[in-house]
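For reference, the structure I am asking about is given below.
Letters A, B, C, D, E and F name the chains as they come in the text, with residue numbers starting at 1 for each one.
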Amino acid sequence: MRIDGRQNDELRPIHIETNYLKHPEGSVLITVGDTKVICAASIEDRVPPFLRGQGKGWITAEYAMLPRATEQRNMRESTKGKVSGRTMEIQRLIGRALRSVVNLDLVGERTIWIDCDVIQADGGTRTAAISGSYVAMALALGKLTEKNEFKELPITDFLAATSVGIDPEIGEILDLNYVEDSKASVDMNIVMTGKGKFVELQGTGEESTFSKDQLEQLLSLAEKGIREIIDIQKEALGDLAQKVLENEKKE
Amino acid sequence: MRIDGRQNDELRPIHIETNYLKHPEGSVLITVGDTKVICAASIEDRVPPFLRGQGKGWITAEYAMLPRATEQRNMRESTKGKVSGRTMEIQRLIGRALRSVVNLDLVGERTIWIDCDVIQADGGTRTAAISGSYVAMALALGKLTEKNEFKELPITDFLAATSVGIDPEIGEILDLNYVEDSKASVDMNIVMTGKGKFVELQGTGEESTFSKDQLEQLLSLAEKGIREIIDIQKEALGDLAQKVLENEKKE
Amino acid sequence: MRIDGRQNDELRPIHIETNYLKHPEGSVLITVGDTKVICAASIEDRVPPFLRGQGKGWITAEYAMLPRATEQRNMRESTKGKVSGRTMEIQRLIGRALRSVVNLDLVGERTIWIDCDVIQADGGTRTAAISGSYVAMALALGKLTEKNEFKELPITDFLAATSVGIDPEIGEILDLNYVEDSKASVDMNIVMTGKGKFVELQGTGEESTFSKDQLEQLLSLAEKGIREIIDIQKEALGDLAQKVLENEKKE
Amino acid sequence: MRIDGRQNDELRPIHIETNYLKHPEGSVLITVGDTKVICAASIEDRVPPFLRGQGKGWITAEYAMLPRATEQRNMRESTKGKVSGRTMEIQRLIGRALRSVVNLDLVGERTIWIDCDVIQADGGTRTAAISGSYVAMALALGKLTEKNEFKELPITDFLAATSVGIDPEIGEILDLNYVEDSKASVDMNIVMTGKGKFVELQGTGEESTFSKDQLEQLLSLAEKGIREIIDIQKEALGDLAQKVLENEKKE
Amino acid sequence: MRIDGRQNDELRPIHIETNYLKHPEGSVLITVGDTKVICAASIEDRVPPFLRGQGKGWITAEYAMLPRATEQRNMRESTKGKVSGRTMEIQRLIGRALRSVVNLDLVGERTIWIDCDVIQADGGTRTAAISGSYVAMALALGKLTEKNEFKELPITDFLAATSVGIDPEIGEILDLNYVEDSKASVDMNIVMTGKGKFVELQGTGEESTFSKDQLEQLLSLAEKGIREIIDIQKEALGDLAQKVLENEKKE
Amino acid sequence: MRIDGRQNDELRPIHIETNYLKHPEGSVLITVGDTKVICAASIEDRVPPFLRGQGKGWITAEYAMLPRATEQRNMRESTKGKVSGRTMEIQRLIGRALRSVVNLDLVGERTIWIDCDVIQADGGTRTAAISGSYVAMALALGKLTEKNEFKELPITDFLAATSVGIDPEIGEILDLNYVEDSKASVDMNIVMTGKGKFVELQGTGEESTFSKDQLEQLLSLAEKGIREIIDIQKEALGDLAQKVLENEKKE
């Protein structure tokens, strides 16, 4: 039995509060069990130097934790004066994932800044950040589409993420909390689209390995979880979800 | 008339949600109008090098803003690789203010870390951080007192802060929001105790000056505001407020 | 009795040597007791990005100490690779104070760089830096006015600063040296103009508090001290002082 | 047809020159087509703070490129003053991968430093670094085993890595060079053991996605390639390979 | 007798492998005994800000060591986040030396980047870097001359460097290896041209001194060594050496 | 004729004001023409890690310029967040030079910190810093010898430095000021002892070269200049100079 009584293929309770902040174009507070992440999407009217003059947009993400999001206080990266390797890896992952479901030609020479700030951490912060950021980004792009900044909503599909892993005693499980994650012999983060395609697959067996059969089972669990999260995203997005569905079919 | 319809001596609505986070020893979400700050207090069992072996405690504060706490996205200080002068000034102010109402001998060789993270900014973030941190710190120290870590609650008085300023058209006003702050010719942050004593007084007339009479009026406004904030703190602290009151009388 | 035999309302001997350096547009060596600060004013023909195109000038200050200005050698901030919070706080204070007596529209799109380098420290370095920088800046602006760079001297008033504080045994005192500052329960830095208006008021009772009556007395001491420092500045400035007086009256 | 005439499931020519450097305990120059990486393994007699007193070893990796390893000169990270997100991601990957085939209890309180310096880059530098580092590490651990520092060789299996991807025109291909990598719609790095188990799986469809069927095909290609690389490693290791094979069977 | 059996005036075996790397305009691997340095020359079509608009070129050098170039692993400067004083001193030396034999007016507004990466260190890395960089730079400039980017080869003379020193027991010696360098009481690096003129002379007696007579002897040794290195450079450069000789005579 | 009317072998007026600062163990203000440097020597009762437990002392130097020491304001290195290559080169030079005339075994496990702060710059700041630092260090070591911290004064000889160079029109000249230095085709800094031995010799012909004959002449000029500076040092040191002379003879 899992530590919090869940079935092996059961997600933690997920809640997405939209327009959580006053200032950003799009924002949410996403809650996955005890993990809480504020995701904000900001639109800037220019792109980084390497893209200038190409008429294409860009999406870039930043991720941070409050010092007391965790059990032990963690030192601020601004105080350390540098961003850790773990943070950079997560930031690059979030940006890449979101770029796979946005038509950057439609966005034009604009940068979408995604800020993910973990208020409270209990495992799965990076996948919660992706699932939440997708909604914040959709709200922001929806707002600009309404103002006729784009000729149509530049989002081509849904996108969500979750983690799966292998517990040495219980086997393959879905959506690991912090305690489960610490014990897991294999840990995998998966990002998928509404059409069921993979966007990112990052599996790692730190001091351990896994077979092709185990991989199969992990992928099935992830697929089930992500389908459920996308349903929650659709509810949060309301009418906007409909427009994404239309785009998804067009592809 | 003030932009949001308040009287010149009227605070914005203030709310303090205690134990906002799961992990820290003490935490609050303080809301002052549209300004929202998460304040967390953590207790560490050692002091910085300059205090070792003296049997005394220390209080240190860190302050940060989420990138989209503000109208325009502000760059993360971790990304810039350094903490701004403004941030350091605020951190030093918060630490100094809290140290004035704590009996650091009673605390013993422990550091109280105060983390103030501005989720949403609309003026007065540093004074909201002080008023909120006081409550977070009291909750943390209360918890340790209950566990008999201290022989009595090491807090000697209440403490709150607000801003006052001079609007070129309206005159002296209490608790400035962002728009008022931008227009003010004089801006003053005041920290006071429950007994009505000053702890910090930081008045500045950027590209402007002020007379002794104006100073008198600003101080009266601040005193009124701080008395009201302390009443809200008392409510938030419940039984713990009673213990502080007893200590306050002993002094 | 004070440690160096002064009356409670007595300044230390102050001396201002003008044109101390060969290269800067304006410079002084200010000596306040054993505190010695070199202040240099440089004029640059452009403003920081946030002011460009507005036709207004800017004043910015930098402050540093030689490693052996102090009893114990202090590490260079260039070696540490970052500027301390204390230094940034002082730099911001000096810049703000000087901007309050300069007509930045008259200055036009120029930046006045103020460099304050403490050669020897014995308390009151930041207030000495302000009083000295005012003179260095006036010399620099005077020189440019003579060259018809401005249609008139863009200084609207005199400006000086001092510290006051409460000694636990002696009470309120003026112009604290290092030993007095270390013992003081309340420490206040005050910047005032020639007309007797406040520009900055920074009072702090580290691990202590102060009443309204005590505040009154501290303000009176500071006023007396600043009047005397302004007299010394006038002597140092010679003819230039006359032009400032004329501007002061116009206002 | 592939740009360099290879079959879709064909590796580039691979060569591993052992003991390439004079000073390190183990070192190789690995050549994969035009990609050349110097891998060095150093043994230090202590572990990072978080592991002290546990009697276990640690493996940590650093990765860098010479400025002219690439077509365009890339700026040194020492000159920029910070290590990029990409570098940190690769360093963490190499360390994690190697730790999965080493018995860290047998290693005891020692750190194995792996240095991968890319002399010339033509795609696949991170997987070449893993395949080469494995050999450098085995040489170093073999040397210490001979000196009876360990009671047996602390390596439990072989380990190699390669990349696979989807070319928009050709389909699934093995071991992408730089030009192929730039065009690929999906890019996946895979690390496997001699027993055919997965250690790391990092698949990403930047601005693209991939189906489960495509994933299957990519995994098969990678498996074939890694088997061939392990054969080359065995040849390079000579007698030492035999000892690893014995350990592999014991597991 | 010297530790490796050489005569006091004997160089270690020197070998220069030209076009060692695929991407740079010019590159060599220079081997001096066990010291191995990769030198690459890159041409960029612009100059640093202080030279813009003057029609002149610039040469700048960077120098680094692989972590295991040395007996003890040395920490990467990218990890430390700053470049050491020793590294900067060497970089400035290499740049200055090369600039003395290049006609920068002929080069036009281009920067020649020299990258020296020490693969293996056994004393004399900076002088090997200069001798090797000269050849890499000549190859790069030769290539551009062939493409008619310059009206003639902009190199005015040959240039090489070596070290000399005083061994407390043996006396003056040429081309010190690491062990000799560690024992030497005086250490001198000398850069000379093909015409036998000095370009740089850096002699230092750390915790020791040297007389004018000793200086004379050291200079003679260096002259002999540098003549021999220039002969090896000429062989490596082939036809290009002839063009330099013609330029040398013109001067 | 030289720009300031001096003979080719004539030093600028030199003055050394001893005990210039209140706090350091030894300090001077050295004036060489318009170049002014404050040199302070501090004694710390421990050595850097690499020397611990060897019973030997260490000397380390730091060098900086005030922003307005120069014609154009130069940016503070603390603001830039890093120390320039030029500064590091000078710091290493000063430290090395002073270590050559101190008996570090006698000093014991202490570090002598030398701080050289250039107040005003007109060429020759590094050599002025060496000549001044020698006196500051001698004063500090003399003070500790009087307190019987050492069994005898641990200074073995005098030490001074100057620059020489080749002016394209005038030829070899001594003690170059800023204007002369900017025009010089060859620039050489020389450090010598009271016995006339070389300690450092750093000659550089930026974009130029020099012959053996020219070197001879430069060395003669430097020798004459340094003899004169040492006479000025002796006068400044008074009785202490006598003790150094006695040590010098003993060697």
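Keep in mind that, in the parts below, a residue touches a chain if its C-beta (ideal position, glycine included) is under 8 Å from a C-beta of that chain, and two chains touch if they have at least 3 such contacts.
Bear in mind the structure is a predicted one, so any value in this text is a computation, not a measurement.
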* **Each chain counted as touching chain B and chain E at once** => none
* **Same vs different contact residues, chain A with chain D, by half of numbers used** => same
* Structure fact -> In whole angstrom, the CA-centroid distance of chain B from chain F equals 52
* Using the average of all C-alpha atoms in each chain as its centre, how far is it in Å between chain C and chain D? -> 61
* Asked: Just curious, how far off is chain C from chain B if you go by their C-alpha centres, in Å?
  -> 29
* Structure fact -> Multi-partner residues in chain F (2 or more other chains touched) are 81-83
* Asked: Round the ring, from chain A on through chain D, what is the full list of chains in order?
  -> A, D, E, F, C, B
* Complex contact set, residues of chain B against chain C -> 82-86, 88-89, 91-92, 96, 99-100, 104, 188, 193, 195-212, 215, 219
* Asked: Touching chain C in the complex: which residues of chain F?
  -> 21-24, 27, 34, 38, 40, 42, 44, 62, 64, 66-71, 73, 76-83, 87, 113, 115, 117, 119-120, 122
